[in-house]
Structure formats: structure tokens, C-alpha cells
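Two complexes are shown next, each including chain A; its partner changes from chain B in the first to chain C in the second.
== the complex of A and B ==
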């Protein structure tokens, strides 16, 4: 069923469903200054086509941004994309033939799953716990596929504060996953839009930086650290496949927007972005805390939820076999919305879970939203008792 | 000459909002093509104020589910003295409630699958769950569990065994405070679109048969609105006497509920060739994958012709 998204867009609904950054925090004077600067110094270029790979200046900015997480990227292997989503699409288009197997986390980002399904891939979920993909289970899935005579082509991972689980892959597991993938010649697609939004804990090396055999395609995005409205993301690919992906992008849109690439360049090159990301971290950390506190107060005994060290999302799992899909209409009537857990799987798992977003609403609305959600869940539990559920 | 001003109401807060928006936009385009002055209104708390200001010549209701199909908007339009398309208040009230519909059909001797109905309060306050075993014994398995007042197949489950019943009830009750358990009748899914009523002659359009693709257990939400998920056969291939009976049963249903303007009766034709009425929709969907436009097309009516006929039926019903 549709997620009733058009119903959740009304202002009276506290939507914990979306995945929107708090763009209202972007300093207006900076926006004005950047636009004035582009208008006076780069008007013609901003209105012109850009190279398919992106402006060299922006690729250099991307190297700077990636170095913040300890990744050393070669600008010649970086391509600017129209949002991180296009990077997912291009990689899938380049590697996947109908029927090919892609491995994904449990749960996994539905925007990627939709792309995989569009290219008629078969998605297999790898079991995941609080430290990310479980290596033993990854091995088991690989050997099961092997007995079927199948070799998966891609492993899609969001290693930091994953969407939707909020889970971060531990350092030890990062190393093991990179090793397994290298051994199996399984290309890792590392999607890291949230990595710089870490509120606490230690910065962990990217899979891209741990890889020694050019077996990782890295996907980045300015959507969460600058703005999703500018539709600017990137990928860093091993040399052997970089040109293929560039050809793929040429066929799709020739190049990403010159205007917004110049916006990104002005923002990153001036150093303004660091202060902005620091502000975002502080904002989101307070919102996450408000959500975690409210969950502890409102959810029934037996509920579990993740405790993300950054990012946008908390993944909640309810007890007693409740299907969160059965709560959704009542929740929307109560003017609160979430995303049901089975939207993050291709195989019907996740029915007891839901994804809650904490980046978009302020603390007060988050507390009120979770309070309403708690009410809906308690009423549903009561109904279930009267229906004879044990 | 002044153009006739039609307000098309769509959207609203029901779970069928998206379907309604699609219907509303399509109707508005058709009316514009026919030379009407059209104002589309996504209904919200400003509706009455806007209608009072505009005083349109006619209101075309394309809001599904709660609010639009349950008599609420119709009642407001009566108070405002505005003409509107489709069924009146009373017929809307009867048709939105599948339990009430089925009780009326039973009283009129129109075949509808046997059923039992419960309110949420019956489970909460009166221990209704202890009757479930008796009901399963009476109606047999599988059973169909559905919310009383919901369209587009939201919240419907086919329950193969007793143990699946509580989950199906919980799902249905998440959509409406009243649910029904209905004997499962396997057979062909037919839809009869009807126009007229009131002072106007009743006219049936060609019968549509919906054949869901194999992965859908029945004509569920996705098979209804995702193009290519269902095969439609229009007109349905039926023996002449069966066709006559299906049309008669549908017509009787329309009359029994007191409908006017237009409506769509959903029928199951069982394996022995007997029709069973499931429900009547007073605001049938008019999207590109909806049944009534298909039926109209088979009758030689374009979508614009169909919308025009709907407008005409409203005007006549009111002035007669």
C-alpha cells in the first residue's frame, strides 16, 4: 500500500515520516552572498553546460569534504552527480543486468531498493544488528547463493547512521566486510550521505579508505550537509569502471547543474560549510535526544529502538507482533506520521518496525509527535487484547 | 452567454485522497474541454466559505471515502442550496456503510454474501471475540474481513484459518470502527456502472470484469490503481441470461439504496453462475484505471461524454 504520503504533507500533521534536513537553519545572508557572487563573477558559466564529470573546482571541494572523514580521493576519479540518488542509479545501470543479485542491509534505504527493482535486480537482505551487517551472516548468504550457482554483483551499504536503522557499522566489521568483498570480488557500493553528521563517538574510516584493491564505489551527497534542493552529489569510483559510469551519465543528463555546482563551490571553498555542519550537528543532536527521551516515556514495555550517534533516523520495533501498518491510519487521524517498517525490505520483513525521523521537526514537535504515537500504540494494544491476541 | 460554473471537489483527508485527486483533476480537464468554467477545490476547512463566495451553478463531487462519499459534503451542499452530482444524502449514508447496505439488500431479497458485523466497542466492552468461533462455523472458511466504510479495498483480508482472524480484524479496525466478516464467495469480479435514477430513467453501462494478475489474491488496492496489474474485459463475456440477471440485481441494488445520478455496483458471479452483490459506490473512481470510464467507453461514450452525462443527471435530478 502507498504510504499515504500526500495525507502527511498537511501542516497540522507532525511528520516523523520524511527524511528532510532542516534547511531553515541555512543562513540567509550566506545564501544571498553566494548568489550575488555567482551573478557578478560567473553569470555566463552558471548558465552554461558543465563537464559531464563536474567542474574541477567542485571535484577539488569534494576531495576536501572527503578528507574530513579520512578518505583520500583522486579528483580524476570523482564524478559530480545530480544528487546521491543519481549516483545509485548510474552504478546500478552500469553493473546490473536483469536477474543479477544485489546484497543490501536489513533494513535498507528504499530509494536504492526502488532503483534496484527498476533494473530488475534480485535483492537479498543480509541480516544486520546494532553494529551493522553481520559478517557471519554475510558469509552464509554468499555460500547459499553459491550453491544456487549465483554470485552477487554488488553489496550496498550505508555505513554511518544508516537510513532507516540509524545503525553504524563498527570498525572491526568494516575491515571484515571489505576483506570478504575483496575475496569474493563483490563490489561494495558505500553510500555515505550522513557521515559528517556525527554527534558523538569516534569518527570511523570509510570502507573506501580501508579498501586496498579498488573494490569500493563511494557515493557522497551535499543534500544533508548543504541542501537537497541543489541536487548535488558525487561518486568516487575505481579507475577501471569510472569511464563506464561517465558514459552512463552522459546519456542521462550530460552534466549536473552548473549553477548549483557553483553554489557548492562558493560554500565549501570559503570554509563556511564547516560552521554550518557544526550547527546542524548541534541542532540534530538535541532533536535526537528529545526523540530518545520521548520514546523511553511513551513506548510500551518490550519495544526496542536504535540509538544513533548521528544522522536522521531512529528505528523502532514494537513488541507482541504488532504490525505498524495497522497503526498508520489511526496515527494520521491523530496528526502524526511515520514510515512502516516493511517499506525498507523487498521481502515483507520489518512489519513490527517503523522509521522515525528527528532531523526535520524541533524538539517540541518531536515530543508531541511521539506522545501521539504512544497513544495510538496503547489503544491498539488494548484493541488487540479485546480481539484475543495473547 | 455566461459559462456555467462548476466546482470540482476532490482530495480531502480520507486514505483515498490520491485516487480522489486523480479523479478530480481528470474531471476538471474534461469539463474545461466542454466549455464549462471550472474551479477545482482540494477540500479543507475553507470549503464552505469558498462555496458561499463563489456560488457555483453546480458542484461536482469527486471526494472518495469519509467526508465525500458518506453524505457529509452532500448535506452541506443541501444547506447551501447548491446543486451537486451523484447520490443524495440518504443514499450516500446507506452506501458508505457496507453493513447497512447489506441489511437493506437482505430485506429486499437481493443476494449478498452472508455476514456478521461488529463495532470496535463490541470487542472492547462486550467480549465479542467469544462469538468468533460460532461465526466461523456459520460462515465457513475462508472468510473475508473488511472495514464497513472504506473504499479502494483498503483494510480487506481474506482469512484462510481461524488463527488469522484477530490480525485481520485489527487491520480492518484500523480503517474503521465497524467491521464485517463475510462469507467468501469465489468467482468472477464484475462491476455494473449505472446512470440515472430519481426522475430519470435508469441506464446500465456494459459490465466490466476485473481479472487481477496472478500475484494479487483479489482485486486489491495495487491491482486497482497500478496500470497493468489487472486485465479488464469489457463488456464481460457472459451468457445472455446471466448478464440479464447481473444487470437486474445491480439495478435493484441501486433502487433499493435510493441512488440517483450515477453509481457502481460490485458483484461476484459465483461458480454456479449466481450473482452476489458486495457493495455500491456512489462516487466511483474516474481515474485512468477505473472501471466506470471503461464501461462508458464500451458504450461508445468518451470520458468527456461520461462527465457531461454526470453533470446533466445532476441538473435534471434537482430541477425535477
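== the complex of A and C ==
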């Protein structure tokens, strides 16, 4: 984070590396109105400790937000967390002992992979295509593990506009994955921070809502639809699982911030959030379009990239055996940054790929960033050719 | 937390149980001024991700706050945490493997004990008296462990107005403890959330400032001097130790809240915090006095209690073999709450004691609370006598 942040902070660098939302779109008058509401309701409560599981008002707001995607959650089984990352940490802490196997989509969010590593899990990637996790490959991974005498503890999946791939799991696949997991008693951890940032296509039911055997923990976040600076996320879990996870929360930070929970509450309860999310969708859709157009113009033949229907990221794969790690220093010299693809795997895959973010920069900077990137790639290819590679 | 919070929420209950600061003393106009500053500086940054280690401005504020107690900290080795509890969690996560021994003052803050337990540490209590940890007893514990072939990993101590005892470690003891720890290469975790809430007596140097061998991790918190609802604490550590701890932070919550860090910054940087802390000191001193007076009036002969020079808590020990756990239900029926003493030990000690909080309620409620408590204790003693217990 520090490195990305310091890159982002240098204005001459166009960072397509981070995963930052466009918080400059947040209306200052709304910010002021929210704070005025908190002050007039009495700031003592906003400055005091909160219940470990979160304020009931905020749990109710979360029920509202989840219902926008068709999920029905029980507020008694919702816990407010200190950002979505803490939800990942708490679930991992609760269920994983050293050496346990976690299945993760590939490529996978590196923040989750890092957390899995801190608990000494063994991560096994499950291959994906443009419709998300491939059920046959999931079955194959499971059967290979079975012959080793291993049973994975959980399956980590970002079903909508995944970080980093931008890919969405199709409805058919969702059903099959939920069924396989139920059969195998494999806990699904559904991490859905981007779901409401859909620019096109149909809204798909969450795995949480398709689950019939209380086998899915749902992780949500206000980071992408309100603000990451307020560090407010949540998890919703079946009763038995929920109780186990709650025990861990108090030990890690007692409770999440009252002040920022009230910020969320004022924003969601007033309804202001819907307009804001609609604005974000329009902003990000235009930025994605700018990025896809620029990629088509700038990248060499043989390059491929995903076409996300929402979210923050495009996943680019380069031809001719280019290792994106080899490009990064040169790219940063040329004042453009990306994340190398192998950062999204634990096993060295992804070397020909990179993650590009389109949520943070405006269209002009995106176009210029991709132009610089195209230049770096072309030069790299020429160098390779001159050295006798491909 | 949930149980205490719900008790506190019932207005007819005088809760002497919690550890809540008097956030109703926070001036609304200051709250509004801070939020106006954040808005006028541009709320985009307040709503964005922060660096994992915290904002440089806030680290500088922490240097200022620590200098008030005579500590000199290097901002490069300060990490902003999500409340003081997270600092305890991160240090434990970094240094403790299952089965490792942690030495803890006795009685000890239960939030720390819970965290130690989640990492499967073996906690060994070190006896204390009115001057804090007793060095001879520390030596004895160390040598007993040595004969078992065990070397404790860290020593946990709250040197000022400890939670729950209210006791302060004397200057002489501080020096001896730091020396013993240096000799034994025993990492000291100095948890000092109350240090600036001293009502009387001389300010004593922190263990962090007495350390000459880079062997003390210092944990600080804005919870008691600004607000717990903003979940902002910190740790300061020697360089080698610091690097290890930072690695853990990103995995647990990426970064602490930008919004609440900016809240802290506006409050500390403007100097407003000094007046507020002075107000808190006066408020809490009067409340402590009310509690000590009421205890002298209401408790049966043979009872003893500490006389804290600051902080939040008085530790009461009852005579005649009373088990405070036996009193609690009756006390709550009589609308007064405390925390039973055995909650502050891992080994069943403390059954004759209770922790009473004086920071949250005003003098009148404190007097009434202690009066109810005295009544419950007297009735209990009579019942015991009538049943033939002395």
C-alpha cells in the first residue's frame, strides 16, 4: 500500500496500479450535511465505543444495501467490520489452521492471498475463464486434493468484476459452484465489494442468496460505494458460523469506529447513497470505455484483455512471452504504473499479465497512461527482437 | 463489549463496569470546527485509502503527544493503528507462536488477555503491589520458567493507572524492570493509554524512554484523550521490531481510517487537545474523589481499594472470603454493575476483587452506585452470617 500510495502521490505518474475509488466525486455538501447531522444528534455517541458487532442502525442499512442485489440478510447475523479486509482476516482467523488448504479463483485479490499466508494456509488456485471459476476444473482440483487426502476448508471468490480480472461469474456457474460446495461441505467466502458498480448487463444473484445449506459467508464493503477512508465493511453469515467469527472481532480491535459507522448511516439512511452510486457507475463506465478503446489502439497484436461489466479493473495479457515484471521499471520511468500479473497468484502464474485500474484516473489520463504503456511494450518487443527473441 | 454496552444503555443501571471515557465532555463546537476543516481541505483525501502505516501528519502529532510524557519517538518507527487494541493484536501476532509464554502484570487488562489467548499463548501472571510489578517476583517467575526450560517472549505492562488496578509502576521499579528485561532479552510491551490522565503526583518516564537496548514496544491510544469512537491508536517500536510488525498491518485491515486520522490531526495540530485533556483530568479527578469517599463510607470493614493518581479505575478487594462473582447478579438486580475480579486473570485469581470505573458517571451517580453496591455487599454478608459462614 505504501509503495502504491507514494507512486500515486507523485502527480507526474499516471498510476493504473492502485485500486482507488474516485473519492473526489463525493459531493462536499453531502459530506458537510452528514457531519452536521452527526453533530446535531450529539457527537458524544459518535466519539464513544460502539458495540463489537456494530450499530443496529448500520446493520439495518446493510440489509438495505444487500437487498439492492436481491440478497436477504438477517441483521442478527451481520457484523460491521473495519473495512472488507478485516472481514477476510476474521474469516481466515476463524476457520484456518496452519497447513489448511484454501481454494482461490485465479487470478485472486492479493490482499486476500496475503491474509491467507499470514495464517499459513496452503492456497490452491482454481482456473477461471471469461465466465469465472470453471466448474470442471474445480472438480478436478477437489479430486486431486482428495487423492492427497486433503479437504480444502474454503473457496474464496469475488463473483462480480473480480479483482484483478474484471470477470463476472455467470449465473449458471454460480449455481453449479454453490452445489459443488454444498456437496463437499466446502465453505464459500463470497467477497463482493464491486457488485453494485455494474455498468451494463443483468444483475446476478449472489452466491449467498443461492445457498440453501448455510454454507456461504458474504463479505461486503462500503469502500467502493461510499468511501474506503471510513474503513467500514461487513460480513453476513449463517448463524453457527457467525457466532464463531464474532468471538474473534473483539480481540482484534474491540469494535469498529462509531464515527464512521454514523457517517455510513446518515448517508445510506437518507437515500443519498443511491444517487452517488449511480454517479459512480456513470463515471466508471466512461473510464472503462476510455481504457478499452485505448488498449485496442495501443497494445500490440496478440494482446488480450477482459471487458468488465463493472468494477475497477481490466486484466491484460501480453503476447510473445513478455514478462510484465520486466516492463515495470521502464514503465515507472515513463511515469505510468500497473500491477504485474504474478502478484495475483501464489504459484508464479500470471507473468504475462497485468492489472490496470480505470476507476481512479479520468479518461484523458487513462488514455495517456495506456499510450505510455503501449510505447514501453513496443520498445520492449523491439529490444527482444533485436536480441533475437521471437 | 456487547453485554457491557447493553447494560450501560439501560439508564436505570449505574454501570461502574465499563471503561468508557466521558465523551459527552467533547465540545460540540470543536467537533464542528474539525469537520469543517476536513471539508474545506477537501474531503476526497479523508474518504480515500491511507498509507498502511498512517499519515505522516498524524505520526508527527503522535511525536508531539508522546513528548508530553517525555518520550522521544522517531516518526519513521510509529505506526497508526485501528485503536490500541489492534496494536496489542499486531504485536502478539508478530511475536507469539502457540504455546509461547507471555508475562502479564496481575491483574491485567482482559482485552489483552483475550488477544493473547487467541494466539494460544500461555499467560503467566507476575505479582504486583501498590508500586506495580514486584521485581523480586518477576525474577522468581523467570527463574521458575527457566527450570522448566521456558523463556517468556514478552512482558505486558500498563505502567500508569493500570486497567484494572489503577496502580502506577514507581520510577525505581521502572528502571529495574527495564534492566531485567534487557538482561533476559524479554520484550516489554508497554501499553499506556492513560498516561496523560494524571490528576496528581509526578509524571514518570515511560519504559520506552528508559530503554537503552531497543527492547520496548510502546502502545499508545487516542481513545482516552480524544475519543474511542475514532479507533485511532499507535505503536512505536525499535527499527528491527517495527519492520516485522508493519508486515502484519496490511493483512488485517489495509490501513486505518483516513477520516478519523484527519479528525485526530485537526484536533492535535490545532492544540485544542491540550485544553480538552486538562478538562478531562479535572472531571475525572472529581469523579475519582467521589468514588473514594463513597467507598470509605459504604464498604464493610476489612475492604481495601487502590487510590489511583489518574486513569479510569479503582480496584476493590472485599473481606471475609466474599466471591465478587456471587454478588454480580444481585448487584445488577439492584441496578449497579461492576466487573468481577477474576476476569483480569487467566488462572482464577482475583475472586475477592472487583473493578470499578469512575470516568463515565458523574459524581452523583457514582455515589449512588457505590451506595447500592455497599447495600448488596452488606446483605450478602448478613446472608453468609445467617448461614453460618463467618
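General remarks:
The criterion applied here is as follows: the second predicted complex is superposed on the first by the 381 of 390 C-alpha atoms of A that agree within 3 Å, B and C clash if a C-alpha of one lies under 4 Å from a C-alpha of the other, contacts with A are read in each partner's own complex, and residues count from 1 in each chain.
The criterion applied here is as follows: contacts are C-beta pairs under 8 Å (C-beta built on N, C-alpha and C of every residue); 3 or more make two chains touch, one makes a residue touch a chain.
Predicted model only: the values in this text are computed from it and were never measured.
Touch criterion not met for A:137: it reaches neither chain B nor chain C.
In the superposition on chain A, the chain among chain B and chain C reaching more residues of chain A is C.
In the overlay built on the shared chain, the residue A:244 is in contact with neither chain B nor chain C.
In the superposition on chain A, no contact is made by A:175 with either chain B or chain C. In the superposed pair of complexes, A:118 makes contact with chain C only, with no contact to chain B.
Once the two complexes are overlaid on the shared chain, A:330 sits against chain B while remaining clear of chain C. Using the contact criterion defined above for the overlaid structures, shared-chain residue A:281 touches neither chain B nor chain C, since it reaches no partner. Comparing the two complexes, residues 1-2, 6 of chain A contact chain B in one case and chain C in the other.
Those residues of chain B that touch chain A in the complex are listed here as 13, 15, 17-18, 21, 120, 123-124, 127-129, 132, 154, 166-167, 169-171, 173-175, 221-222. Across the complex, chain B is touched by residues 1-2, 4, 6-7, 10, 323, 325-330, 332, 380, 382-384, 386-389 of chain A. Looking at the complex, you find that chain C touches chain A at residues 1-2, 5-6, 20-21, 23-24, 26, 28, 31-32, 35-36, 39, 42-53, 82-83, 85-86, 89, 93, 111, 114-115, 117-118, 226-231, 248, 250-260, 263.
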